[in-house]
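I've put the structures underneath this note.
Shared between the two complexes below is subunit A, which pairs with subunit B and subunit C, respectively.
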Partner chain A sequence: MVSWFGIEAGMGFAILGAALAVFLGGIGSSIGVGIAGQMASGVVTEDPEKFGKLLLLQALPGTQGIYGFLVGFWVILKVGLLGGDPASITIDQGFQLFAACLPIAFSGLISGIWQGKVSAAAMGIVAKRPEASGKALILPAMVETYAILGLLASILLITGIRI
Partner chain B sequence: MAQAKMSKIGLVAPTAVKERLLHALQIWEVLQLSNLREKIAATDLALGLATASSSLGEVEARQADVGFALAFLRRFEVVNESLIDSFMGLKAVVTPEQLVETVEKFAAETTVNQCKLYEKRLGEIQNERSRFVAERALLANWVLLDIAPQSMSGASLVGSAIGTVSPNDLAAFERRLDKETGGLYHLEKIAVDNRLVNVVIVYFGGEAPAVLRESIFNQVTLPLADMSPRVADIGLQSSLAELASEERQILQSCTKLLEHKVQLQTLFDHYGHIIQREQAIALGTDTAHTFVVEGWIETARLGELEAELAKSFSQVVMLKSEVSAQDVPPVKLQNSNLVRPFEFVTNVYGNPMHSEVDPTPLLAPFFALFFALSLGDAGYGLILVAGSWWLMRKYKPELAGRKFFHLFALVGLLSVVSGLAMNGFFGNLIDLMPFPALIALKNNFVLVDPMTAPMTIMILSLALGVVHVFLGIAVKGYMTFTGGDRAGALMDQGSWLFLILALVLQILATVLPTLSHLAPALGNVSILGAVLVVLAQGRAAKGIFSKLGTGLYALYGGVGYFSDVLSYTRILALGLSSAVIAVVINTIAGMVVAIPVVGWPLAAVIFVAGHLFNVVLSTLGCFIHSARLQFVEFFTKFFEGGGQSFKPLRLASKFIVIK
Partner chain C sequence: MSISQDSRYAYAVGRIRVLENKLLDKTKMQRLQNAKSVDEALLVLSETEYADLVAKAPNPYDIDAITTEEIKRVYLLIRELLPKEALADLFLIKYDIHNLKVLLKAHYQKKDFDYLLVDAGLVPAETIKSVLKNDQLSGVPKEYYAGVKAAKAAYEDRQDPKVIDEVLDRTQNAMMADMASKGGHEFYRRILAAKVDLINLKSLARVKRLGRGRAFLDDSLLPGGTLAPSFFTPLYGSDWVQLVQAFSLTSYKAVVEQGVAAYLESGQLTTLEKLADNFQMTMLREAKMFALGPEPIIAYVMAKENEVRNIRIIMIGKKNGVATAEIAERLRESYV
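Moving on, here comes the complex of A and B:
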């Protein structure tokens, strides 16, 4: 096991990866949900009955934060931090886990923000053409594709890494 | 299957039964009226356009009044509508008898006038209150002045002034005053704070000292100058109290008026029905003694309409019109009971055109499968089934809503199956329970666990993607083929289907050891397929190089199909995400159990709230992405859409359901 200045480098990298996945995904979703929420509030001021539909639209950019959390949690589970009996992680394994977290971390960050923007714009559909609300749900989902691919890559990579 | 056949008919009725006929049509909901005006404008027939009855404007005004009263009274409603209620748009159920009774007996004018009166008075109260509050604020620092400001003026030998001076300037101000009046003045400080000093000055002589007109002194005019500020303030306080009590009374009266809410709503919708009817009449045309309308009806319901007309309208004549090439019939989807719920998915995208096939039966099995695989949890499936059933019972939605709940009940049921096969019941809940027999029973059903064998699900997703895309291209080919362009279908779509099939077989042969000896031969078949694609797709271009170029470019377009297929991996990702979050919730709940005393209740809260959160979010995601795979990957191969929905004349209501 490699230790830098008394720190176990392998475990450190793994935790850094998990942290990145959680907080970058979380930032993306916070911004996205925030943008959508501002728009939703505006529409609700005019028409409180649309609250339910708008809430769904606002929730859409929230998934990136969940995906990031999910990957972070998987890493924590994998290195045994949860059971109080951490595995010994070599620096190689630690760096691999770190790298495996990056796809969801970055795709979550960027797609969360943009999905929020599309959600906010789609709220215009709900406001002006309520009968087309179904379509409004699909457009933001197009952005989410890339977060899903990032999640998939991260999960497949983490499952593949041997501890 | 697919689309209901439409017929075009005309109805000729004596003018006397015009209103009654249209009302009956509203109740039957069979006929979508088309606009005869445009048609008549194009001919030189001596037909008059049907005029809406003169009372239309009056009805609209009355509806607006009732609408105002409803909006006004809504402010006083104690909101006990849950989020689900607001989402479902809970409507009051009214029987036809109640409707008639309300229309005949309910004195809406009284209620509306009361609402108008109360609204006006509430506005006035608001204004008065802010005026009184502002006056009190002005008087606030003067309450120690115990004479009326007015009584100080008018004396001939002394003058007076009321105003404020900055505390820093006070000494200088007094010096100037002393100098200018020769000491014949009196200055009384009424209130002092660190910003202003409120003073009353009395001076000898008729003329005011110059300093009082300078900026050092800020003269103040007090409101209610005919009484002392203290008395005025007490008066204002009691006026405010009176306003508050009057307002309370009005609020009470308004809350009491709310008992007429359903009657007002009924009336609003009744006026709405009349307006719809009059607008429908305006689509038709009048002759000297008759009234004519034209519209679309489902061919299957022609007999029903004929029978109803014969029963109640013996003088009305029904004429079947020829459907011409310019006519665009409206679209009504018609599918078996099992497929009908999936029309909801199709309608999210839009209707097919009347000349297109209805894609619903094609997408139904795939949508259900994608959803079930993405959710992959038997417990969540049960929640969906139970939730749909409960909401259906509670809200008794109209047709579109029923489709929605049937859809979720169906895919929920399938998710139960997929959950059992994919080892998901509220995540890993069963594995955490101390019942080895139950775990063994559960394990009997497990075919593949996405958590331990994600690659199996990934391959399954990709395989489903290939089948789905292949089917899409095949449907396009079938449509082109039956549409008459047989050669085009064989070349455009046939070549691609051949190539895809060859590639799939080649991959199978490469992967499966028992078939590996076939791989080289199948490789050659694939190359043949590619050549066919180049040849077929390039045929329209002129010149050999141009043909080759176009063909190769089309082959390169196959990358699009490849990326389409990759898109289906989202099924795995969504399945994993809902499963992992479920496991996370169980893990956290399990860790909390160890806390003494509060452990179990806290764990229960985390378990219930967590899984509820996950089921809502996962269902949303699974629905959206299963739908997206239909719209983006599947529909683009063969489907255009853009048909107009069949919207028969009916009693469309905003607030009530007539039952």
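Moving on, here comes the complex of A and C:
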């Protein structure tokens, strides 16, 4: 067991990975939902009836934060931090878990911001052509693909790591 | 990264996107044009965003008052949407400049033109009036003061009210270009530069048509466009075909070609002027491609200004019994 300043290095890496997944995904989502929310407020100020359609669009960039949280939670569960009986994690395993968290951490950060921008733009469609609202939903959903791929990669990697 | 830059405008853009829907589209404009009388036209207006204004106006036939109210409403909205932005100021300067021109001319001609003042500018018309009367600097942007000083000097030198317009137009363009570049609004700067080019083109055509002389043209040309004033001056002496050729490498090729062709046929510059305005509108439509950012807001205000101008053309035409076809000839393209 390698220990730095009294911290078990393996466990430290695993926790760092979990933290990154949660907070980078969270940053991406909060910026994205923030941009979309401002635009939605503008549209609703002038046309309150559009609220329902806009809510869906605003929620779309929120998923990255959830994915990040999911991966972080998975890691916490895997290393046994939740049950009060932490597994002993070698530095190799710890680093593997850390690396496994990176796909969702970074794809969540970037895709969250961009999905927010596309959502805001799509709200322009809802404001102008309510009949095309379905199409407006598809465009930001495209960005979601890459967050999902990041989530998938992270989950597959974590599942594959032996502890 | 541009996240913070553009998303600042997200709320404003959201509101503008809805308001854009209320702009008068081609069909509405068409119905307005085809109205048989002023009353019928007012009825058409009552089905639009102008309904409230028409209903509340003390005299619904006073279309200037109604449209001025509407423009004021739009400027107030922009102020509200962009409280800390110089962007809103950009649109207000021209009303101050208009008031300055009116007051200066009134001063020199010893007449009362107060009814021409428009209270929609950056500074209340009353403040401008008292500033001019007391010749003091406080309360107005210092550029106004410099402009007034230059206009007074020019007038006293030449005794021609037109120089007041010229000097103050220059002040206005310089201020607007300066504010646009400081605020980093590339889109607005580009539109403004094209506007200056087109104003210069119109001045060139007008001075050439009337044969007022090169010096007169030199005085009218404004700096700040993509084409320098030195591009325009030599064209005064050349014939119309050469003028068309000179513009063939600029983005105004089509405007000049068709405008000059129409002039040579009819002897009128109205087509050229209309094409120039439509060129601006085409540029403005690019704003539809910007999802976030100040562009849609700028475009909305300018679209509104254009709409108001068209409504005035129609209503004043109707009032004076101008034929529908003739009115249509003068109308500019709308944004939507």
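Keep this in mind: the second predicted complex is superposed on the first by the 163 of 163 C-alpha atoms of A that agree within 3 Å, B and C clash if a C-alpha of one lies under 4 Å from a C-alpha of the other, contacts with A are read in each partner's own complex, and residues count from 1 in each chain.
The rule is simple: a contact is a pair of C-beta atoms (placed from the backbone, for glycine too) under 8 Å apart; a residue touches a chain by one contact, two chains touch by 3 or more.
Bear in mind the structure is a predicted one, so any value in this text is a computation, not a measurement.
Once the two complexes are overlaid through subunit A, subunit B and subunit C fit side by side, free of any clash as defined at the top of the document. Touch criterion met: A:A121 reaches subunit C, while subunit B stays clear of it. Angle at subunit A (Cα centre) between the Cα centres of subunit B and subunit C in the superposed arrangement: 50°, in steps of 10.
Within the superposed three-chain model, A:G34 lies in touch with subunit C and out of touch with subunit B [touch as defined at top]. In the superposed pair of complexes, A:W74 makes contact with subunit B only, with no contact to subunit C.
In the superposed model, A:M142 lies in contact with subunit B only, and not with subunit C. Judged by the touch definition given at the top, the superposed model places A:G52 against subunit B, while subunit C stays out of reach.
More residues of subunit A are in touch with B than with the other of subunit B and subunit C. Superposition on the common chain A brings subunit B within a closest Cα-Cα distance of 7 Å of subunit C.
Touching of subunit A by both subunit B and subunit C, each in its own complex, is seen for no residue at all.
Touching subunit C in their complex are the following residues of subunit A: 31, 34-36, 38-47, 50, 113, 116-118, 120-121, 123-124, 127-128.
Every residue of subunit C that touches subunit A in the complex is listed here, in rising order: 3, 6-7, 10-21, 291-292. Contact residues on subunit B toward subunit A in their complex (touch as defined above): 83, 86-87, 89, 347-350, 454-455, 458, 567, 569-570, 572-574, 576-577, 580-581, 584, 587, 591, 617, 620-621, 624-625, 627-628, 631-632.
Residues 48-49, 51-53, 55-56, 59-60, 62-63, 66-67, 69-70, 73-74, 77, 82, 134-135, 137-138, 141-142, 144-145, 148-149, 151-152, 155-156, 159 of subunit A are the ones that touch subunit B when the two sit in their complex.
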